[in-house]
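The same subunit A turns up in both complexes below, where it pairs with subunit B and then with subunit C.
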Partner chain A sequence: MLEIATVFDFTRDAVILVVGLTAVLASLGVVLCSSPIYSALYLIGHMICLALLFLLYNAEFLAVVQIIVYAGAVMILFLFIIALLGGKKEIQENSFHRSMAITFVFILLGELYLSATVGPTKQIQGEIPAEMFGTAKAIGLELFSKHIVAFELASGLLLVAAVGVICLAKFSFAPLRRRTR
Partner chain B sequence: MGEEFVLLISASIFCVGTAGFVIRKNPLIMFMSVELMLNSVNFLLVTYSSFLNSLDGQIFALMIMTVAAAEVVVGLAIILTIFRTRHDMDVDHIDVLKG
Partner chain C sequence: MTEIFDMTWDFIVLFLNENVPLIVGSVKAVVIAVGVMSVVPALVWLERRLMGRFQVRLGPNRVGPFGFGQPMADTVKLLFKESIIQASADKFLFHLAPAVVVVTAIVGFAVIPFGEPFEVFGQSIELWGANVNSGILFVFAISGMGIYGMVLAGLSSNNKYSLMGGLRSSAQMISYELTLGLSALSIIVLTGSLSLIDMVQAQEAYPFILVQPLAFLLFFIAGIAETNRAPFDLPEAEQELVAGFHTEYTGMKFAMFFMGEYINMVTMSALVTILFLGGWNAYGLPVWPIVAFAGKVIFLLCVFIWLRSTFPRIRYDRLMTFGWKVLLPLCLLNLMITGTIKVIWFP
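Let's turn to the complex of A and B:
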């Protein structure tokens, strides 16, 4: 006879496993697709998987922000740019640099995994989170009391980015001539 | 789910993003790979904030999202400007500054 709590934990673990593996597969799709429009669609899927994982780890406000900001605003921007520039297919050839890069990445992954398992990390005992952990109210209270400077600096950063983009878009530069050798 | 699984998922996504940034030549896909790397770090911050029962990680993830949004907007504007002057979408050909 299984306890209800055990069944709940098992189901949660299974859902986290499936969604996490889907996120990894979607990120592989982003990198391996030759057409940018498919990469963008895979990236949207990846963002949605990450939002689900945020929800499973008690971060409901960040999950909503992830959907609105990333899967909404940023990816719409990407899709507009792809539509404007024309998503041309890229010929992927196997070169020496490419195999070197893939080897490097596998070594990096192995090192990260070893440092996660072998290193002196001590087991974190899971406490039961508070009642409103990760809600908009809790995040807002924390943001406007403890991290108010960072919040104001972020507003300055966004303003500078907006002004910079207007400058880049408004003043067109003379076409650059490629120097002949 | 334990920490090892979370660390493995995050490291895999980060490494896939690094590979994409290194082997692709389309600047748009390179930007998407940078987004993958930022997202993997966000995921790690959120999960550890849940493990440690502290909201600081989530605030940090929010700040990373802000920086990523600003970075994407400026980067795409630069790509658009380059494309307007050169009509070419291969980063290997953008070598005007080279001596």
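Let's turn to the complex of A and C:
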């Protein structure tokens, strides 16, 4: 007679494994695909897999935010730019860039080895009660009490970047004269 | 042999007993998906009949009583049409795009609550697909994913009109998503919860449209733009872009874009009902909660159709100006006022 709990745990682990593997495969697709549109699509797939992983670890709010911000807003701008610039397939050739990429792969493998030697990951010890974990309230309390300075600084930085982009886009050429009433 | 069978049987019985919520959930998922998809032909019929009346003509009235057979005949026609894909299109993306539109539209409906829970066989059956803690964010996330369908259709068709339509749709939907989110934020401030069910329960005394009329207006306008309905149907402006992102589509794939649009219309009406019109609360009228909810949604759908036959399509640059320079500042103002009042008088 099988224990139902073990079956459930096993299923959960299997689902996590499948989602994680899909995330890795999608990220490989981003690098290995020669067409920019497909690369962007693989990246979207990777983001969705990450959101699913957050969801599987009960971080519901984080999962939704991951989809809204990265898979929704950021990647749509990527596709926008690809559409404007006309995404052409790049020609594969041996070059300096390729040797650079191989070096990066080895560095990443080294990091993987390092993280494997550190040992299994542990749960973060904190004062967040279990029923509030992963909710918007928990994240909001953390962000706006402990990390308020860093949070506000980051928002200021983003605002400066946005204003800078508007300045660059607005004044680099003579503005179009258009009749608008 | 019988031992193995018995063991399997025991396991199945145990599994079913332990997982009643899972089974109820699956049944609900199927019911919601089928229900939402079968609303589409009815909505097409309603739109064509109402549009006919608004434009002082009869509308479809030949196939069956009141033209009820018309959507069925149209569906059969679309199913049997030849599917043409031009040689220069990206085949995979071309097939993927309409599927993305329909799937995201149906998934977005999963968290919409449309009635109070009731008891069947000792089980409490809740009239919503899933009670997600951050339900409203989930709807926004999924509707954001729906943009990809249109952008991919535009990119894969290899046609300048389609590309322009896809670009317009992405720019428009990103711009109006901000207004949508910010005007919903004032309701979140009022209820203090992201769950759609909590929002409906907070409106038992009075609907939020009475305290947040500006937010309601902004949300509804942004909702029309988000579903690409007239007067904001720039992605498929016939006069300038042939048919926008779905110019190259034929047959059922063409129809799937329309399915997505109509399902999004229903979802948006349901969302407006939940956020501003009190959801399933009937406010003294002697009707079932679910009937009250459906009545409000159908009324809003009629308003959608009414707007389409009343307003001309606005120009593209004005659409963007309107979104960024009028709606967004109004939203921020409304949010600031709401937040201030909430903090000062109702801490």
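Just so we're on the same page, the second predicted complex is superposed on the first by the 144 of 181 C-alpha atoms of A that agree within 3 Å, B and C clash if a C-alpha of one lies under 4 Å from a C-alpha of the other, contacts with A are read in each partner's own complex, and residues count from 1 in each chain.
Throughout what follows, a contact is a pair of C-beta atoms (placed from the backbone, for glycine too) under 8 Å apart; a residue touches a chain by one contact, two chains touch by 3 or more.
Quick caveat, the model's predicted, so the values are computed rather than measured.
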item: Fit-or-clash call for subunit B and subunit C when the two complexes are aligned on subunit A; value: fit
item: Contacts of A:72 with subunit B and subunit C, given as first, second, both or neither; value: second
item: Contacts of A:44 with subunit B and subunit C, given as first, second, both or neither; value: second
item: First, second, both or neither for A:22, with subunit B first and subunit C second; value: neither
item: Contacts of A:139 with subunit B and subunit C, given as first, second, both or neither; value: first
item: Comparison of subunit B and subunit C by subunit A residues contacted; value: B
item: First, second, both or neither for A:61, with subunit B first and subunit C second; value: both
item: Minimum distance between Cα atoms of subunit B and subunit C in the superposition (Å); value: 14
item: Residues of subunit A contacting subunit B in one complex and subunit C in the other; value: 61, 65, 73, 77, 82, 84, 178
item: Of subunit B, residues touching subunit A in the complex; value: 1, 3-9, 11-20, 22-26, 28-29, 31-33, 35-36, 39, 42-43, 46-47, 49-53, 55-56, 58-59, 61-63, 65-74, 76-81, 83-86, 89, 96
item: Subunit A - residues contacting subunit C, complex; value: 1-2, 4, 7, 37, 41, 44, 60-61, 64-65, 67-68, 71-73, 76-77, 79-80, 82-84, 87, 135-136, 178, 180
item: Residue ranges of subunit A in contact with subunit B within the complex; value: 12-13, 16-17, 20-21, 23-24, 27-28, 30-31, 36, 39-40, 43, 46-47, 50, 53-54, 57-59, 61-62, 65-66, 69-70, 73-74, 77-78, 81-82, 84-85, 88, 90, 97-98, 101-102, 104-106, 108-109, 112-113, 116-117, 121, 123-124, 126-127, 129-130, 133-134, 138-139, 142-143, 146-147, 150, 154, 157-158, 160-162, 164-165, 168-169, 172-173, 175-176, 178-179
item: Of all residues in subunit C, those that touch subunit A in their complex; value: 7, 10-11, 14-15, 18, 90, 93, 132-134, 137-138, 140-142, 144-145, 147-148, 151-152, 154-155, 163, 166-167, 170-171, 174, 194, 317-318, 321
